[in-house]
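The structure under discussion is supplied below as structure tokens; questions concerning it will follow.
By written order: A, B and C. Residues from 1 in each chain.
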Amino acid sequence: MKEKVYNILLYVTAAVIPILCGGIFYALCTDAYGAFQHFGFFQFITSTDWNSTPGHEQYGALPFITGTLMTTILALIFCIPFSLPVAMFVGEYFKGTVVASILSTITDLLAGIPSVIYGLWGFFTLRPLLMAMNISPQGSGVLTASLVLAIMIVPYAASLSAEFIKMVPDDLKEGAYSLGATRAEVIRRIIFPVAGSGIFSSYILALGRAVCETMTVTMLIGNTNNIPTSVTATGNSMASIIANQFGEADGLKLSSLIAIGLILFLITAVINVIGKIMIKKARIS
Amino acid sequence: MNIKTRIAKDRIQLWTVCFFAALTAVPLLAIIGEVVIKGFGQISWSFLTEPTPTAYKAMKAVQAGEPIPGGIANGIVGTLIMVGMAAIVAIPVGILCGAFLAENSKKRSAVIISFLTDLLQGTPSIIIGIITYIWVVVPMKGYSAIAGSGALFIMMLPLIIRSTEETLKILPTSLQEAGLALGANRASVMLRIQLPAAFGGIFKGVLLSISRVTGETAPLLFTALGCSFIRWSINKPISAVPLLIWEFFNDPHLQDLIWGASFFLLLFVLTLNLTAKYIAKKWNQ
Amino acid sequence: MESVKPILEFKNTCVSYTKQTMAVKYVSAAIERNTITSIMGPSGCGKSTLLRSVNLMHNLYSNIRVDGEILLNGENILDMEPIDVRRRVGMVFQRPVPFPTMSIADNVMAGYLLNNIHISKSEKAKTVEQCLRSVAMWDEVKDVLNKKGTFLSGGQQQRLCIARALAMKPDVLLMDEPTSALDPIATNHIEQLLLELQKEVTILIVTHNMGQAERISSHAMFMYLGELVEYGDTKKLFSQPADERTKAYLKGKIG
């Protein structure tokens, strides 16, 4: 009897997840349908107009798709020079030592800071700094957002890659050392090739993180509805346009924002699925 | 290449790695430093017990050269209510679902649910905000604490499932077998032996998930909305600390309150984060 | 008897993992050129530790200390750069570990690749063939040189690892129980191979298998609790052991 109740309970709670995922997809699709029907799917994702004047309503997602792509790819590039050394430090050079655990704690804490506080720091510290250095004239923009995003994703990329670097068997490393290789050579010729697919998939998942991020980007990207023309230009990402305009939207605009949400959901889903599959493959081999 | 150059290269690489790895501590220190320096002075008894002033009152105070009256009590109460409600539902559901995944790890249904859990975990928080808006705010015809906690529940769930599943999976299988050999059914073995043995890891996962959702702003934007006085009812708009930070950021009159609120939030979130890791370490010893 | 200058000489060599315990205690022995010397002893007696000290493998782990002297052609390797020593002293490990991301040919040339030594294509092809021939593997793999080495059998993988070590043209080849993970047929192959190889290189081999030591080595060492108990001609050590402990080991009473 008890066993039976337990089993039913397990299956019922386990069903929550598929219901939530299916529900999210279904709800986004039904509510985005209006926008796709009105503009056409391709028109919607390739149009750059964003005009909410009554009677001239015109919505297109291209500026925001571009904004998201630019910020996340830049963030990924900025994050590599920091996350890779951290991974090498923790996973190889100082593996298992106190300094490595201190560095891990530091990156864990970085991962724990709420995104709204990253946004504040970016706005009140980094933005004036970029302006003072004449890098970015108005301070806000794609560059500022992606710099802060880069800091935010370092912990994810670093801890996952460190895990793969750690997994390279000592046998292989000793084999390479026995042939007279230096540590740098062992890392380059043995550790990186062996852990490569795992490290690569860590960066895919880090990219997924960056695409998700809302508040930091909203606070730093400048919030203009155009395609950013340069890295220092302002724009909007898919998440930030929703955060900015969803509150007062209704009708076609609401549907268009939800349509952007659907596209964002699909993009993150694809990135995460690819990342997870690659991670699983890398773990097995 | 001669040996001296190779050794030199090796050294250079070591120092470069150390340098860049150490650099990742800079943003952490900069962010914590800025929040502490600017925010610590604002923390007072009235800051923690009084609600946010209206923009007009704040403006008057600034004009008169006085400190802004009031504080973030409305946000603290809202955060407690919403995180508390979300946790009460997410903890049992998450643990049971994690138990399901750990017990049936080879079944097709568990593989699919595990995959969907990853998908849900990777879903942008702003999308979860939209979904809760569609599912809860629209039918209830208004923003509410219920909607806010619903969004936080969806965010917490995959985190708790994952940590439960992973902790249960690393328990020795002999533990389960020993229990079953004594004639206990699977329900008792799970509830009396496996889950208590996994308590440390699960508790850590729960604390980390609470720390994570406490700092979330995006899913509350169109669900809890915010409220400028202390409110205990759950079917009306309500505030939260990260939501207040966002409001202060957007309202020039209230900007003086921003660092105190950030200090409070950061202190709470990071303390919870470190406590979780400390407890897990103690428990494992 | 004519005294030949030894290629490798241990002088009061000690290895310690912690301050209190020594894994190898004051070992002194001279190894002659182009011989096979086997190191025997029960597990935990320090034979692998001694062997690994010749390749300075202990430098990889900060807690291990090596004291005394180890002379390679009269030079103390403890004062030399590890990467230089390791090029001159090859090592083959217990488990065959070809590099999984490299092709068979690249595995043979791994020492050159790792050490950034650039050689011409024809020279490379020549070395690959020569090394694979000397481990009697050329005919088996000459058509699949560009494939990854992971599909090879255990015995083939171990021979590939020997070829990899030989490609660096070492003076001394260290082998840490190279056949313990292999089946009897592959073991036999490797033993035959070692007898051939001693013309080119001096071999120091750790083995658990007394039969193997008797079959292949001209000299033998017996170690017990970190001490070198007895060292000498293999036949003599097996037929007339001087020390009681050696006698007990050979009779199977210890180990």
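A few remarks follow.
The working rule: a residue touches a chain if its C-beta (ideal position, glycine included) is under 8 Å from a C-beta of that chain, and two chains touch if they have at least 3 such contacts.
This structure is a prediction, so every number in the text was calculated from the model and none was measured.
Relative to the C-alpha centre of chain A, the farthest chain centre belongs to C.
Across the two candidate interfaces, B-C and A-C, the one carrying more C-beta contacts is A-C.
With centres computed from Cα atoms alone, the innermost chain of the structure is A. One inter-chain figure worth recording: chain A and chain B are separated by 17 Å, centre to centre, where each centre is the mean of the chain's CA atoms. Chain B and chain C have Cα centroids separated by 55 Å. With centres defined as mean CA coordinates, chain C is found 50 Å away from chain A. Within chain C, the positions touching two or more other chains are listed as 83-84, 115-116. In chain B, the residues that touch at least two other chains are 6-7. Among the residues of chain A, those touching two or more other chains are numbered 182, 185.
On chain B, the positions that touch chain A within their shared complex are 6-7, 9-10, 13-14, 16-21, 23-25, 27-28, 30-31, 34-35, 92-93, 96-97, 99-101, 103, 109-110, 112-113, 115-120, 122-131, 133-135, 154, 157-158, 161, 185-188, 190-191, 211-212, 214-218, 221-222, 242, 245-246, 249, 258, 262, 265-266, 269-270, 273-274, 277. Residues of chain A touching chain B in their complex: 2-3, 5-7, 9-11, 13-14, 16-18, 20-21, 23-24, 27-28, 31, 81-86, 88-90, 93, 103, 105-110, 112-121, 123-125, 151, 154, 158, 182-185, 187, 208, 211-215, 219, 239, 242-243, 246-247, 257-258, 261, 264-265, 268-269, 271-273, 276.
Of all residues in chain C, only 81, 83-84, 115-117 touch chain B in the complex they form. Contact residues of chain C toward chain A in the complex are 55, 57, 60, 82-87, 90-91, 93, 95, 97, 99-102, 110-111, 113-116, 161, 164-165, 168. Partner chain C is touched in their complex by these residues of chain B: 1, 3, 6-7.
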